[in-house]
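Here chain A shows up in two complexes: once beside chain B, once beside chain C.
Moving on to the complex of A and B:
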């Protein structure tokens, strides 16, 4: 058994409610003693409905929030022992909404090279070379370098967000609903791209999603969250074929799918139709 | 799971709503945008027509044009636009306001923005009814309570006093459905009614809509970007792209034997149960046959 790249140990997150004059006093347990390991090279999907704690978990794994109890280990060491920059070189995010996750005043080039600028290790020319190389891998034309987010489609923006995540060559990418704001054809492109990049860059993904068909397509293992508790964690085949937990079964039954198109009806691969 | 079988292609009876060559042109500072270009559609009693398309395909503009809810910079033209016996192109704005709610009602995606946050749901339901039916407050309240009960809102008479923010997303959408039903319309237009909801709630709401549609013999136009949702609820489906209908037919035909290359490309991009990366690959070809497209 390989060593875990990241370990979530007994993590809880309690939000206290009731600071304002109109709110109820009390506590909200967003995560309740969640534990799992993330292994190198795998795609671990986290599924659950709104309020299940998916996003709180992603924020904690990204170091954007601290657990109220328990700990997160990165390569065996508590995340608190990492300096911010060292942590960011290993773990990077891709968020849901590329319309709000990109600074509208920055060009594609500025957006993508920002992690390198912050790290402050390379000169301008070297940064530009890396940005160009990455755009090439993401199949984006280099004329996009000086474009602003407002000039781009949702799929192109999400590619920029992915490029920004990958420029510092992280080991773990935490994707929080990366395709749910996109049209289905663009979603397909981004999912295929993420999976190709996994091989190219030897990435490990945490993939947070509410869409079970997407999860089945790309995940190796699936963790199911319900009201802050990890109710099931299994490899994707097992989970879809024989879910142990009632809640998982309910989720699977509610997911809507369409019949497979006959093979002969598939559009040809490759160039535009 | 309730799911009516798709009717024959030749559904008997006159359509509740029929549009021929419907076009919408929107004047913007950068010039005219032809958002809808010559769309034909018709929907009969007891039938659900699904309209699917990606963003910018014109599906929502089509639905708003049918309700004549377009802003003044939009020009709506059609060879024919009829609701039952009424020609929607020639009726006055005032008559149109009567028709909306009474004969045709709309259910929107985000109930929190469609409901008035400072009025109780009882007040909003009763107001709809009194506006159109001139019923007494007591009658309207009784009717509202019955409908809330029908759409599965627990303790309906207490709920009349609740404000929208006190309800969950699923309950709010049930209230929206009750509100659409208050005047017993012939046609319901639902624009992405379950998109903001969790999957388990979505399944409940779709079942509820299908039940109510069947039990009242309603005509329903159901707009969604989600083909799985349309497959679950619609009998007929119309696929839109670039403001035009590219394919139309029964759900079974269109989804299992798509003829148009756009429909095929769209369907191949949808992840289905049992598809795995490495063994299967989602189709990511962009279809570029109509005007602009996302070719890369």
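Moving on to the complex of A and C:
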């Protein structure tokens, strides 16, 4: 196999809880010696329930947080050696909630061109050309350029967020639950779009999700996190066909048995008020 | 595919315009204030006489509505024979200029401190909160007294004092709003894109703070005008012969039982201006934050 694009080596992240005189000191181990490699062109899904460390992992891989232990290598070099802007040219995020990840006071054009403005290399006309080109690829009409996020639907906003991530032609896109805030019908469109773009831009995805049907559809390999530990890492076919780990099996079962979920959500019997 | 490509609804600006049009208080306040601003700008053209020209033969002439009043001096003259209408018209300039400059000056100080405190939190927040407490503990009039007695009562010194004494409300409001904003994902996204801190503060956060800043700012203009009048009344603000409303009240206070118009007219001007500004400010708050208070 080719060299890893990004390597996560023994990464731990410990949060200390409570500083004040009246709170108890404590520690939360959000990530516990997690290691894996990300290879060019693949889609690596990270799954796990809430609180399993998925988001902490994504923050560390985006360079927004430093691991307490271990290191992250990008193209063979420790991420600390990259300057922020150079790092951002290679790794870009797509966040969960497009209602929150787009600044409500900016137009689509301002939002998408922002990475270019920060890089500060192209002129205004060149930026506009790139934005138009990208909107074209995303099949969004150019009259949207001057629209504000509040005028768009969730799917449209997520497209804008994806366009913003892609405009500086990164190699890795870290998607933190990119479809979980969207309608089911729009989810499929966005997923298909992501897959298309993967070919067009030769992207590598890290796909953080708790939705296993989405993961099965999109991922090449799946990493399972449980309470900060990487409990299983396998090809998507292998993992879904014969999960080795009990926790993975539980995850798979809980996702597939809808009636049981409904049962547990029924309010408890009690006096009728 | 086609239906997801439509742009829905109005732009944020259109939405605000629509809400503004349905808010009578805001419309009344804005109308009065616009007229006052026009008066201030056109004061030299509108004023029938030179506001500084004294004529001791024409002292204390009554206004036009009194039995012996003349159309030459619509509001009569003051104890030095100066045309009162001209002085009030020119006083609009002083009041609005001081109010606006002080509100902008204190807004810059307060917004900067508030954003830093809200964005960084922790120790920076503690320091800023401490400054806010210190500022709240300073009595405005006493501090002004001290500063004016040292530096004299020129107009720009009054503006500087007010700027340095009125920033607390901005800081409190901006700090709270920034704390809310900084956890939003667009800030995280900007960080991940490699944006610098000034870019995040000024480019990402500031546009979102425009609403609360505008609301506090407009109310602070009224506050500053009232304070300027109070300081001038005490002789600590603008110095004679500048036509300031507060000063006009102070100069005429000995006449209150003989010729009440000398106090009533500038007093009414102050009240009208501050009322218009407060109506506009309250309206802005309703318009910019329909869900609750700014």
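FYI, the second predicted complex is superposed on the first by the 251 of 273 C-alpha atoms of A that agree within 3 Å, B and C clash if a C-alpha of one lies under 4 Å from a C-alpha of the other, contacts with A are read in each partner's own complex, and residues count from 1 in each chain.
In the analysis below, a contact is a pair of C-beta atoms (placed from the backbone, for glycine too) under 8 Å apart; a residue touches a chain by one contact, two chains touch by 3 or more.
Model, not experiment: these values are computed from the prediction.
Residue contacts after overlaying the shared chain place A:81 against neither chain B nor chain C.
Of the two partner chains placed around the shared chain by superposition, chain B is the only one that A:212 touches, whereas chain C remains out of contact. By the touch criterion defined above, A:115 lies against chain C but remains apart from chain B after alignment on the C-alpha atoms of chain A.
Contacts of A:35 after superposition: neither chain B nor chain C is touched. After overlaying the two complexes on the shared chain, residue contacts for A:49 are found with chain B alone; chain C is out of touch. When both complexes are overlaid on chain A, the residue A:242 reaches neither chain B nor chain C. Look at A:202: by the touch rule set out above, it reaches neither chain B nor chain C.
Contacts of A:189 after superposition: both chain B and chain C are touched.
Shared-chain residue A:153: touches chain B and chain C both. In the superposition on chain A, chain A positions 139-140, 153, 155, 186, 189 are in contact with chain B in one complex as well as with chain C in the other. Chain B meets chain A in the complex at residues 54-55, 169, 198-203, 206, 225-229, 231-232, 255-258, 261, 264-277, 280-289, 293-296. Contact residues on chain A toward chain C in their complex (touch as defined above): 62-64, 83-88, 91-93, 95-97, 100-106, 114-115, 118-119, 139-141, 143-144, 147-148, 150-153, 155-156, 161, 164, 186, 189.
Against chain B, in their complex, chain A makes its touches with residues 49-50, 139-140, 153-155, 183-189, 191-192, 195, 210-214, 216-218, 236, 240, 250-251, 253-262, 265-273. Touching chain A in their complex are the following residues of chain C: 1, 4-5, 7-12, 184-186, 188-196, 199, 204, 207-208, 210.
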